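Shared chain: subunit A. Partners: subunit B in the first complex, subunit C in the second.
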Partner chain A sequence: MSVDVEKKNVDPNWEPKILSFSCNWCTYAGADLAGLNRMKYPENVRVIRVPCSGRVNPQFVLRAFQKGSDGVLVCGCHPGDCHYVTGNYFTRRRFLLMQRFLEYNGIDPRRFQARWISGAEAGKFRDTVTKVSNDIKALGPNKKFQESWYKERGESNE
Partner chain B sequence: MSDIQQELRKTARELLESGEVGYIIGWGKGRFANQTHPIFVKDPAKVDELVWDDYCLSTLAKYTQDDKYPEKKIGICVRGCDSRAVNRLIQDHQLKREDVYLIGIPCSGKLDPETNEPAKKCVECAHRNPVVYDVLLGSPVEEVPQPERFKEVEELEAMTPDERYNYWADVYDKCIRCYACRNVCPACNCRECYTDQYRVGWQGKQNNRAENQIFGITRAYHVGDRCIECGECQRVCPMGLPLMKLNRKMLKDINNLFGAYEAGLDTETKPALGHYETNDVEEFM
Partner chain C sequence: MSRTGVFICHCGTNIAAVVDIAKVVEKAKSMPNVVYVEDNKYTCSEPGQQAIKDAIVKHKLDRIVIGSCSPRMHEPTFRKMLASTEINPYMLEIANLREQCSWVHTDREKATDKAIDLVRMAVAKVAKNHALFTSSIPVTKRALVVGGGIAGIQAALDIADAGYPVTLVEREPSLGGKMVMLDKTFPTMDCSACICTPKMVDAGQHPNITVMTSCEVEKVSGYIGNFEVTIRQKATYVDHSVCTGCGICELKCPSKVTSEFEQGMAQRRAIYKPFPQAVPAKPVIDAANCRKLNGKAKCGICQTQCPQGCINFEDEDKLITNTYGAIVIATGYELIDWKSIYGEYGGGQYPDVINGLQFERLVNASGPTEGHILRPSDGKEPKSVVIVKCVGSRDPNKGKGYCSRACCMYAAKHAHQVLEKIDNAQCYVFYIDVRTAGKAYEEFYTRTLEDGAIYVRGRVSKIYEEDGKLICKGEDTLSGQTVSVAADMVVLETAMVPAAGVEKVATLMTISRDNDNWLQEAHPKLRPVETHTAGVFLAGVCQGPKDIPDTVAQASASAAKVCGIFSKAELQTNPMISKVDIEKCSGCGDCAGICPYKAISMQDMEFIEHGKKITRRVSTVNSGLCQGCGACVAGCRPGAIDLLGFTNAQILEEVDALCL
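Presenting the complex of A and B:
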């Protein structure tokens, strides 16, 4: 029954899949700057550009876990710097609750993170992504909420 | 209690005869003595079908949603929970205050028809008197404070993440996705629910654990800041799932993070996720 049994059988070459929702105006620019500066950050992060961190529906996060992500990162402008003035204030409320709610449902809070990264903070982007990636590598593959889990070994639930 | 029933019928007859309301939504006798169901009374001669007894459990406000542009006012019998549901719908612009005539009835709790014990949702009720009404039948009852509002949530929070996951996975495995919880919920008033949308891809239609988990979490999150804690979702659930434990978790966090909050007490307080403060808790630096 336990979902963490698989931890022992992890392939040594396993790399986590991390999804990063990045705000077009700050974090995406920050990630771009990290690239321009030839900074090295883990390649297991997939960056998805969104117009604003307020665009990120909590359902995106759930769907990401369901479809096979091991971790999700939501990044936006610092509060007060939002291109659309108020977007990230709503994001903040939304994901403060979302993080706790996912934890309540059994997801390790390290698997879902939100961060403010401005367009100039290339170093912070690299550090955040590296930290999240290392954390999730230590946690092992996520088996919770995943439809693959159901397909592979959940038939007895039917 | 039967006095209130007489008074309710009298008020209903007057309202219908004077033409002030088009019809009245109330409770009618079910097949057995311990059952009631919502009824719509149009004819003044039929007001005697209205009852007020120990088993009037259904929350009625959601039924106004089937008649969004009524010719005359809709009369609704409101207890504490119904009145908060009315506030909820008014605040969501799904109902106009001038379109409804609220017959307030203070309620001292109802009985569960199966066990004849006080119903769970009524034991946990913190607002027994209607918070909004046009006429009040009977006299207000004493409110029961609920110091253990979040007790069940705290019990779950004390578990380890894996225990919690397994607990909820067992719950979601039982879910049959009948959407009764959504249909009855006064906060679930979207014209088209995301679960009914196809081609959008929010969620699969399969009834399996992964999809049920997403449904359960999303439903609780959608109503999270607007839940009036009427407990109807849990009452109507044919599989007896503890849905209020999810809703109360959201409310507990809202209370902890953004200050004391109860939905539906008035129509002015904004829902917690519908506004923001620039000095909110900051954890994402």
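Presenting the complex of A and C:
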């Protein structure tokens, strides 16, 4: 892929910042269940609770990358099982579009992932988060977009 | 400037053992708008809640953040607490420091850093919170129960006895489910039919219950208090409003079909009642096997013989729509198809290797052998019977990983029945463990041992025929020796699996299924009969394998939940719904198309623009229908719709706070 990977002088202790939008009914519940079962996964993923993966405005994802997130993960119920009937179908379509858009803007599309994790799939939550975390770590810091953003507009100008 | 209070919970040592609370408190003090921070051993406890209330007054707080367990656990608790303070219950955000931090991490430093981030996100979000107010909607006090096994019957009776109308939908031609097929029931050995059929009749005759057999749910829309449900009444070709159930048609019908109720061990006619005590006690025609309806012959004998003239070959499926305030799902189970997965047990080629339900029919006085245990192959009485437990259960490689829970007990029941009914019989039970947790269960098992049942600890590895005997080979894991038993009949106690078609039911009601397809309860301990769809409840085996006492208890529990909803004249609605800024709305109508609840409609409104009156089309949200998913928000191009409680501004604050 022709995009952002610039892994030259990466601090070996560097930890990526990964943001996960998780729907309240499936993935957030799955994450809670992982806790209940005392499963372990990397600390570098922070969850933002949303009612439905379909609630995730593309704007949120852009903002995360602009502000220096190294990866964004959107998680919802399995297709067909959406608590709100059709929300995750919108997510799926938007996701594909967003990945293309990010690539066009110089962000490695692998930094943006979508996964379906049900409220019962604690193990899948742990495995997904672990894998995404390792993958993003391998990609290195997301410098490009972030730096250009700040250079061009300044932090206060959004 | 807002005044935020932050309260960090130790949760005993659940959070404090991994997260450095003092450091989180210290960092929180310097977060924007935070005027007060405090930590507490148990924030959810009475003194913990009081401490928050006191701090609100003392420090003039106008919003709070609590760093504790998951908001899915105690958000309602803390909202309720806030209702008795000056602060609106929605001026609260919870940072999930337990389920999503201390319980899943071990590195103290990193976990503490994460906890600080989570608190910072919540502090940032709460700064953008607004007071929200609930409104109320009327409740339709009519319940729908799906599935007419003992679970569905019990739930329907309890709701009906409380004075509310109930529709009980069963897809088979009769109520009763599996329980009515059983012979005796452990641990008391009372006759299943004697305790089940009266309940079926009660349900059939109850003035508040409408029984709809041969029916399935086709479509569900709406929400708690007002579900609009379309039910498909399958064509039965018999007009039940006229039929007296005399049974002449059944006697005269020339097509014979294997009986599902008798587990394939007897025959029924194409026009049939599944069993004599069926409710309703009226026949239906099985179109696939009726010579007239499948076009194989002219026939029509039933029509000419029926004294009431109630046979109608032109009958068609009907769709019936009604509104219900609450729904109970009780779709039960079926037995795993062992034949397709256990080739080593003959894969179905030996007629005398049967499953538990077939055995129930064989010992049942109204069954195909009138209660004599006879081999299906030659009608002879088996002298040596082998019972194999955990076929398809506790076997993740071939079947299911879970324990099917009722089998240890009904295997003991079957062994007892073999020894009781057959003179000089020998009965071997192959088992992995004997699980008899239940009132009077262990005593029942001990009695079976005293009866003379021989329990062998180990799985059966192979069953094959030799000299007219079924040779069961296995290992006795206690003695470490291989054993081989020559049996006349083998009973496989097979795993319960969810009823076929459960996926459709789950999808219609938007409830989730677990990895084994059992319907998922809202919380395994604290909300065992609720689902994540408000107003939809679970009863019986559809939620997971269980025996009749547990099934009935769960059914009554879900009935109590339904009655709880119906006891109120109105329901409080969730105020976290979409809101349109009509100034920004361009009237494109995309949101109306996106909304799965048809909660958004387009309306013409008058505006004054440049001093002139104009009419513009804008969208409006019906607060009773909107469920707060936010799909419209993400789809709105001019950004005119926002979701209260999860506004764009709130979420962006969280993103910014994290990416600091």
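The criterion applied here is as follows: the second predicted complex is superposed on the first by the 140 of 158 C-alpha atoms of A that agree within 3 Å, B and C clash if a C-alpha of one lies under 4 Å from a C-alpha of the other, contacts with A are read in each partner's own complex, and residues count from 1 in each chain.
FYI, a residue touches a chain if its C-beta (ideal position, glycine included) is under 8 Å from a C-beta of that chain, and two chains touch if they have at least 3 such contacts.
Remember, it's a predicted structure, so these values are computed and weren't measured experimentally.
Touch criterion not met for A:L139: it reaches neither subunit B nor subunit C. Within the superposed three-chain model, A:G80 lies in touch with subunit B and with subunit C [touch as defined at top]. When the two structures are aligned on the shared chain, A:A114 is found in touch with subunit B, with no touch to subunit C. By the touch criterion stated above, A:G106 is placed in contact with subunit B alone, subunit C being left untouched.
After overlaying the two complexes on the shared chain, residue contacts for A:A64 are found with subunit C alone; subunit B is out of touch.
Of the two partner chains placed by superposition, subunit B and subunit C are both touched by A:R94. The intersection of subunit A residues touching subunit B with those touching subunit C, taken from the two complexes, comprises 58-59, 63, 80, 86, 90, 94.
Here subunit A touches subunit C in the complex through residues 15, 17, 19, 24-26, 28-29, 31-32, 34-36, 38-41, 43, 46-52, 54-60, 63-64, 67-69, 77, 80-87, 90, 94, 118-121, 126, going by the rule given at the top. Contacts from subunit C toward subunit A in the complex involve residues 70-73, 96, 98-100, 103-107, 110-111, 113-114, 117-118, 121, 506-507, 510, 512-515, 520, 532-533, 576, 594, 596-597, 627-631, 633-635, 643, 646, 648, 651-652, 654-656, 658-660.
Taken together, the subunit A residues at the contact with subunit B in this complex read 1-4, 58-59, 62-63, 66, 79-80, 86, 89-90, 92-108, 114-116, 144-147, 149-150, 154, 157-158. Against subunit A, in their complex, subunit B makes its touches with residues 153, 156-157, 161-169, 173, 194, 202-204, 208-211, 213-214, 217-218, 220-221, 224, 246, 249-250, 253-254, 257-258, 272-273, 276-278, 280-285.
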